[in-house]
Structures are given as C-alpha cells and as structure tokens.
Amino acid sequence: MAERGFQISRLPGFATMAVAAFVLLYLPIVTLVIFSFNASNSVAVWGGFSLHWYGDAWANQAVKDATVRSLVIGVSASVLSTTLATLAALGTTRRRAYRGQTLIYVMINQPLMVPEVVTAVALMIFFGIIKVATGYQGLGYLIAAHTAFCIPFAYLPIRARLESMDLSLETAAADLYATPWQTFRRVTLPLLAPGIMAGAMLSFVISLDDVVITEFVKSGGQDTLPTYMLGQLRRAFTPEVNAISTMLLGVTVVLLTAFFLLTRKRD
Amino acid sequence: MSPAEEQALRASARNGWLLSLPALVVLALAASGPLLIVVYYSFLTANDTGGVIRQFSIEGWRSIFLSYDIFEDRYTLADAHLKIFWRSVWLSLTTTALTFVIGFPTAWFIATRPPSQRALWLFLITIPFWTNLLIRTFAINEVIRNEGILNTTLLWLGVISEPLRIVYTETAVLIGMTYVYLPLMVLPLYATIERFDMRLLEAAYDLYASRWTTLRRVILPIVKPGIIAGSILVFVPSLGAYVTPRILGGGKKMMIGNFIELQFLQGRNWPLGAALSVLLLIIVMAALLVYVRVANRDRSAGHG
Amino acid sequence: MKRLLSATALLLASTGLASAEGKLQLYNWGNYTSPELLAKFEKETGIKVTVTDYDSNDVALAKVEAGGSGFDLVVPSANYVPIWIEKGLIQELDLSRLPNHANIAPEWRDVAWDPGRKFTIPWQWGSTGIAVNTKVYSGDINTSAVFLDVPAELKGKINVVPEMNDIVALATMYVGGEPCSEDPEVMKKARDALLAAKPDWISMDYGATERLSNGDWAASVNWNGSTMRVRLNTNGDVQYGYPREGYPLFMDSVALLSDAKNVDEAYRFLDFIMLPENAALISNFARYANGIAGSEAFMDPEMREAPEVMIPEEHKAAGVFLPTCTGKALDYITAIWTELQK
C-alpha cells in the first residue's frame, strides 16, 4: 500500500501484517488454481498445461448437480439465518437487561458449542422420524439444518456492530417524530448494514463448507459438493475438484467485480 | 420506578423475546431440540451393532473418566481421554490467539481503507473460503509439504538448508486451523472497528499517549465486543474441529471431535459418544456464561 | 419476501418428488460407481439412477436405520451385511426375478455372510495389504512386519490407513491371533506391537494413491485397487505385498432395502450388473475385481494381469474375511485404537 502522508489511523506494522495475511490466505488458493490446469492426474506434481479437468468436471453431471445444490442451500440458509439473526440481535441488545436474555444468548450460540458430528447424529434421528411420518424427503431438511447452525455465525457480527453503534442518531430520529419503523428503515438498518453483510457472508461460507451435518441429513440424490468430495476422500482426488473450485472462484470474482462497479456508480 | 417506566421496561422485554422468537424456533427444531436425544442416549446401553438399546445405564458417563482397563482387568483413570481433551483445549486456545494476532491488524487495515474500498477488501478475505474446506485443507497440505512451495521458496532464499518437516505435526494443525478460522475473527472485529471514532486517536496522541498505550488503553477496550464475538466464533468451533486435525495432523493424534466421531461410528459406542458431547457442551456453556457475565460487568462498570 | 417464500416452496415441492416412474436411488461408496455403467443401464431400460455417496459403513447403516432417506439399493461391506439382515433393513431377494444370478462365480456364491446369496449381489471385492516402493526398500514385502516392525529404510516414510478394524486385525494376526479375538494376552501383544511401531509411521491417513505416486510416502498399508493405480503411475516401482501372517479381504455387495420404493427398477439393476460385460464396467472404473464369472474377458488387459487384482495362488490362503466384531472384542479394538491416537 502506498503511503498517503500522515494517517492518524496508521498503526506501525499493521499494514504489513495485513498484507502478509492476505498473501498467506491466497497461497494455497493459487496452488489450487495452478494445479487445476495440470495435465497429469496428480494434485501435487506438475505434468504440463491442460484444460481436460475442466472438460471432465463439465461433463460430470453429478458434480454439476452437487454444485448447484450447494449454492441453493447456501443462499437460502444465508438469507434466512441472517434475517433471523438480525431480528434476534435487535431483540437482545441495547435494552435493559431482562429475564431470559442470557438464556436467549446461550440458545442462539448453542450450535457452536457441540462438535458437528453430535448435531449431525441428533438431526439424523430426529429428521428420520419426521421423514418417515410425513413422507417428505426434500431439500427442506438440509436448508433448515444449515439455517440453524448459521444463525450464530450471522448473529455475532451483527450483535457486535449493534453494541458499538451510537444511539444518538436513532434518538434524534425519534425526536423528529419518525415512527419506530421509519427509524429502523432509515437510520438503524443502514448503520447496521456492515454487520449484516459480514453476517451474511460468514453464514454463506459456513453453509458452503459443511460436510458432517449434510452427510447425515441428506436424503437420496442430495449430495452437495462437500459430501461428494468426502466420498472421494478414501480413494483418489483428481484435479477435477480443483477445476470446480477454480470455476466457483471465477464466478465469485466476476460477481464481485460487477457488484463493486454497480455500487460505485451509485455512490 | 414509576408505573410508566415499569411498563416501558416490560414492553422492552416482551419485544426482545418477540424479536428473538423466530430464530429460537428454528434453533429449537433444527439444532438444540434434537440434542435432547443425545442427552437421553447418554444414559442408555450401547448396542454393539450401532445405536442404543433402550435400557438405562450410566456406563457411558462412567467410561469418560474411569476406563475399565480390559487388559489389566481393573478400572483406571482414563488418561487417554484426558490427554485428548487437553490437546483440544490447548490447540483451540492457541488458534484463537493466533487468529487474533493476525486478524486484528487485518481487520484494522480493512476498516481504515476509504469506505468505498472496504467491501472489496472484505470480499477478498472471504473469497478463499468459497472453495470447499476439504479442498482448502488439501491445498494447505500441498503448500507445507516437504517439496511444497513454502519449503522450495525458503530453500531457494537460503533461509533453511533442508526442508522443514511441517506436515503431519501439531504445527500443521495449528496453521490449518488458523487459516480456516481467520475470517471468523476478522469479520466481527471489522464490524466493531469500522464504527471506531478515529478522533479518539487524535485525542490520545494530543495527550502524548504512545501508539502502544493508545492501542491498549483506547482501541482495545472499545473494540472489545468484536474481540469477544471473534474469540467465541474461533475457539468454540475449533474445539470440535474434525477435518483439519484429521487431514493435516496425519490422523496420528485425535482431537475431541475425532474421538466423539470414533464412538458414534467405528467404535459403535453411542452412549459414550453422547456423554462426551454433553460434557463438552456443559464445559463450553459454562465458559461462555462466565465470559458473558464478566463482559457485562465490565461494560456496566465502564459506563457507570 | 413473499416472492422468496413462494420460490422456496416451489423448490421444495420440485425436489420432494421422490419415486416417479423409471427412477432408482443407489446409495454407494463415493467414486465407486461407473458413470458408463449407469449410462448404459439408462439407455437399455430408460431407468435413471441417482447415486448418493457415503464414506463409511457406519454412516450408511446409521442413516438407513434412522429411516426415510429414500434409497432403494445400498452397498455394504461383507462384515456389515449380517447387521443389515439382523436389523431387518434389507430384504430377501426373489431369485426368480434374477435370471443372471447364475453368473455369480462359484466361490462367491456361498459366502459366510450371505449363504446362497439370498440378500446380496456382488459389487466389488479386494484386499488390504501393503504397498511398498521397492526402490526405497527391497526386502520382503509379503509380511505385516513392514509396518509393525518397520525396516530402517522405511522409518518415517510409511503411512497406515486409519481403518480401525483392518489395522487391528492385521496386528492381531501378526502376533498369532485371530481377528475379533477376545483373548487378553493376544490383544495385549497386538496393542504393544502397534504402539511400538507407531513412532515410525509418518501418518495415518487416506490418499495413498496420490502420495505414493508423488513420493511423499515410500510405503503404506493400502487397498489393492489403489496400489495397482500407483504401480501404473510409478512404472512398477511400487509393489503390493500380501502379509503371510494374514490380511483382510473385503467384498462390498448390493442389497435391496426393506423400505425401497422402486423395487422393480432395483431388480432390473441387480440383474443387469450380473452380466459379465456390465460387471467388467464396474471393475474398469474402480479397479477392483467383481465376483461375476466371465467378466475378466471384458476387463482392461492391465487389470487382467494385475497381481493386485488377481491374487497369486501362493498368497490366497492368507486372505481372511473379517467377521463383525462385537462385545468384548469390539471393546478391545476401540481401546487399542484410542490408545494409538491419544
């Protein structure tokens, strides 16, 4: 980063550290992208440039279905959990302590407290009973399970944001006879936006990553990308999965750029 | 307290519950509620072919602490279990500390960019996590292996004369967990730092505070909610981490997550697995409660 | 919000339709089902097979037992088949609907876990042995001593797959016992052998195909099919040893679930895979033998001649199908495994 004269917020070494963190974060990703173009079927030894893993991945219906399913579940779970978490965060912060507040807090964070495999086994038994009773075996179970374990991931950043937020603007709005809803729409929500965005991104990523709970809850034909890969773990990984990951990254970067350009214009 | 105030308070509490209710319902149906099954199972008899026999037994709980040494034919303190618990706690604490040390400057850096750029940097932090955890973990393995980029670069720079053996060590697990959980620290930290009023720094410097004093006395106390949120988000899931220790640790040493999984799967001892899970839940919950209490007391002391 | 809700409802409804005509739900090990086989089956019968993956017998068993997963066929390993039968999770097959049943090779017809093959149809079988890079170590590889009394050349370079039952069984047989032994003296010896050898292992991990090929590991306790791939990758440097003290055999077989919805389609599939040319497709994909007589003729030549797939005569006797360990035997095994990874 280029220096821009004296900056009050500059702390020595912080920028270096941050840049180093970014480099380290991307190092494995770069390896992954490079080896997705590997001609040999190794994920570690370079055998020349080739695109055939992309062809293979594209031709593999199971992989395509799993990717789409992962994204559908991820988006649904992220939207639902962020909405619920925002409401819950508004309900548990910035008011006088009330009976049960700590209980709510503990309940919301509960999914974080047990290893995934435990929740997975419990859900398998519980949903199994419901599946048999209702005959419904759709994606709803996976979306519900993902929404539930994403709630704390969405809740904590939103709550942290709310706690450090200045009350005076809202009080001012109320003094100017704004209705509580107007105050919320026009004042609180925009101020809260970075927290909500952080929460939504976190929960999306967490949902996209989940292996264990999905493995136990999924019904027939509901493999997601992670469970598909888990199935391959014992046998051989091929750069095909690197190719899929690279394609997903590509899509992300395109979406991100578009999003970035759009929001810039509006500013 | 006047009746009006009391009424306002009651309304506030009611609204608090109402706003939290939707989240609580989903959690009760798809997370906490089903866990009661686990509590119930911990008091049943193990079925050798998987699952449980519906017959009361405390064997699951007893065998956490006292393992019946089938070789010596007597009960002994389950030192294997304690060792596994201790390793998990130690590795998770270290991971939390490492993510903080790396994550705080990173979050600070992002929050001090011009507002129009911040979203971009935030996205940059999360992009690596768009690739699946398994793939990412394998990619980390490729970086740190003996012939991987890290060793090749260090050898080429002449920093080391022979490759560092990192793969399949606790260091590898720590690197992996720090990597995996870093955004869980950065995002909540960012959310609070972004609100931080930089004029406070100006004030601090005007009063001749050194940068270090400013950091310790001004910045850290204000971003504390973010630190708490981040630490919980990192520490608790890393306690139950499963994929990272299995792949990067080379599977030679278990963490609690792996041990519990062993009981539910290959070991076919569901009551022990269930009892271990409940115990872990109790420990974490107790720690969390203490944390919340202390944090709340600090806050009220700070304002009062 | 309303639009979102209705979109979600639509999505749920569209994925909820489980058993329409001409569909089949196969629940199988990951990366184990030949796409070519499924394409051929769909072309001939119009039945579309959906494959869902699992990575452990225990997960598959637990999930099906929990109920309502919507699978028709499952592929458990031999030692788990009796559990599936005992729990009533799989149904007895109507052999009159399976004309190709006669194609099952004689040695795979009257197996201990399913006499007369009334419940299961062979899918693939193989062994757990020892893959060794003979450039690194040129001594005897047909012994468990390679990983239990590690030769100097392999110290710190050998991996052991984290399969509790296989590894403890190998150690038990190495010290002179039977798998699932309940004899404390034998199990103590097996434990001590494993604990003493562990410091010489580099890891306990999967992924041997990749890491033996790229030289990260010089040896590994490994499956035969994977080792064959490695041998081809490394021009024969890596060879497969059959421990003479005893080594585990496995066979994964297809079974029809009791709550299967697409029973007719399932029968057609079962009959289909017992045709030699179709069974060969399975083997050519996953690189294991299949148990259908005459399928060798349709296999890739490199498989027909592979010493990993076709067990050499002198090593046949040492192969053992592991029984399902229960009770005290299972307690011993889990205790040893915990001790090993604490």
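In order of appearance the chains are A, B and C, and numbering begins at 1 in each one.
One rule holds in what follows: a residue touches a chain if its C-beta (ideal position, glycine included) is under 8 Å from a C-beta of that chain, and two chains touch if they have at least 3 such contacts.
Per UniProt, the chains are A = Spermidine/putrescine transport system permease protein PotC; B = ABC transporter permease; C = Putrescine-binding periplasmic protein.
Remember, it's a predicted structure, so these values are computed and weren't measured experimentally.
*Asks:* So if I look at the partners of subunit B and the partners of subunit C, which chains show up in both lists?
*Replies:* Of all the chains present, those in contact with both subunit B and subunit C are A.
*Asks:* Suppose chain centres are the mean of their C-alpha atoms. Which chain sits farthest from subunit B?
*Replies:* C
*Asks:* Based on C-beta pairs in contact, work out which chain pair has the most and send it over.
*Replies:* So the chains sharing the most C-beta contacts are A-B.
*Asks:* Between subunit A and subunit C, what is the separation of their C-alpha centroids in Å?
*Replies:* Result: the chain centres lie 35 Å from each other.
*Asks:* Report, in whole Å, the distance between the mean C-alpha point of subunit A and the mean C-alpha point of subunit B.
*Replies:* 16
*Asks:* Mark out which residues of subunit C touch at least two other chains, giving numbers and ranges.
*Replies:* Subunit C, residues with two or more chain partners: 59, 62, 65, 216.
*Asks:* Out of subunit A, which residues touch more than one other chain, so two or more?
*Replies:* In subunit A, 43-44, 121, 125, 127, 230, 233, 237 touch at least two other chains.
*Asks:* Where in subunit B do residues touch two or more of the other chains?
*Replies:* Within subunit B, residues 145, 264 contact more than one other chain.
*Asks:* Name, in rising order, each residue of subunit B that touches subunit C in their complex.
*Replies:* Listed in rising order, the residues of subunit B that touch subunit C are 48-51, 67, 70-71, 73, 79-81, 83-84, 145-147, 167-168, 246-247, 250-254, 258-259, 262-269.
*Asks:* Of all residues in subunit A, which touch subunit B in the complex?
*Replies:* 7-15, 17-19, 21-22, 24-29, 31-32, 35, 43-44, 80, 84-85, 87-88, 90-92, 95-102, 104-119, 121-123, 125-127, 144-145, 147-149, 151-153, 155-161, 163-166, 194-195, 197-199, 201-202, 205, 208-209, 211-212, 225-226, 229-230, 233, 237, 241-242, 245, 248-249, 252-253, 256, 259-260, 263-264, 267
*Asks:* Applying the document's contact rule, which stretches of subunit C touch subunit B when the two form their complex?
*Replies:* 56, 58-59, 61-62, 65, 83, 86-87, 159, 162, 164-165, 184, 187-188, 191, 198, 201-205, 216, 324, 326-328, 330-332, 334-335, 337-339, 341-342
*Asks:* Residue numbers of subunit C touching subunit A in their complex, please.
*Replies:* Residue list for subunit C touching subunit A: 4, 8, 11-13, 15-16, 18, 25, 27, 29-32, 35, 50-55, 59, 62-63, 65-72, 206-207, 209-210, 213-214, 216, 226, 229, 286.
*Asks:* Would you pull the subunit B residues touching subunit A in the complex into a rising list?
*Replies:* So the residues of subunit B touching subunit A come out as 9, 12-13, 15-20, 22-24, 26-35, 37-38, 102-103, 105-106, 108-110, 112, 116, 118-120, 122-136, 138-140, 142-143, 145, 149-150, 179, 182-184, 187-188, 190-192, 194-196, 198, 201-202, 205, 211, 215, 222-223, 225-226, 228-230, 232-233, 236-237, 239-240, 242-243, 256-257, 260-261, 264, 270, 273-274, 277, 280-281, 284-285, 288-289, 292, 296.
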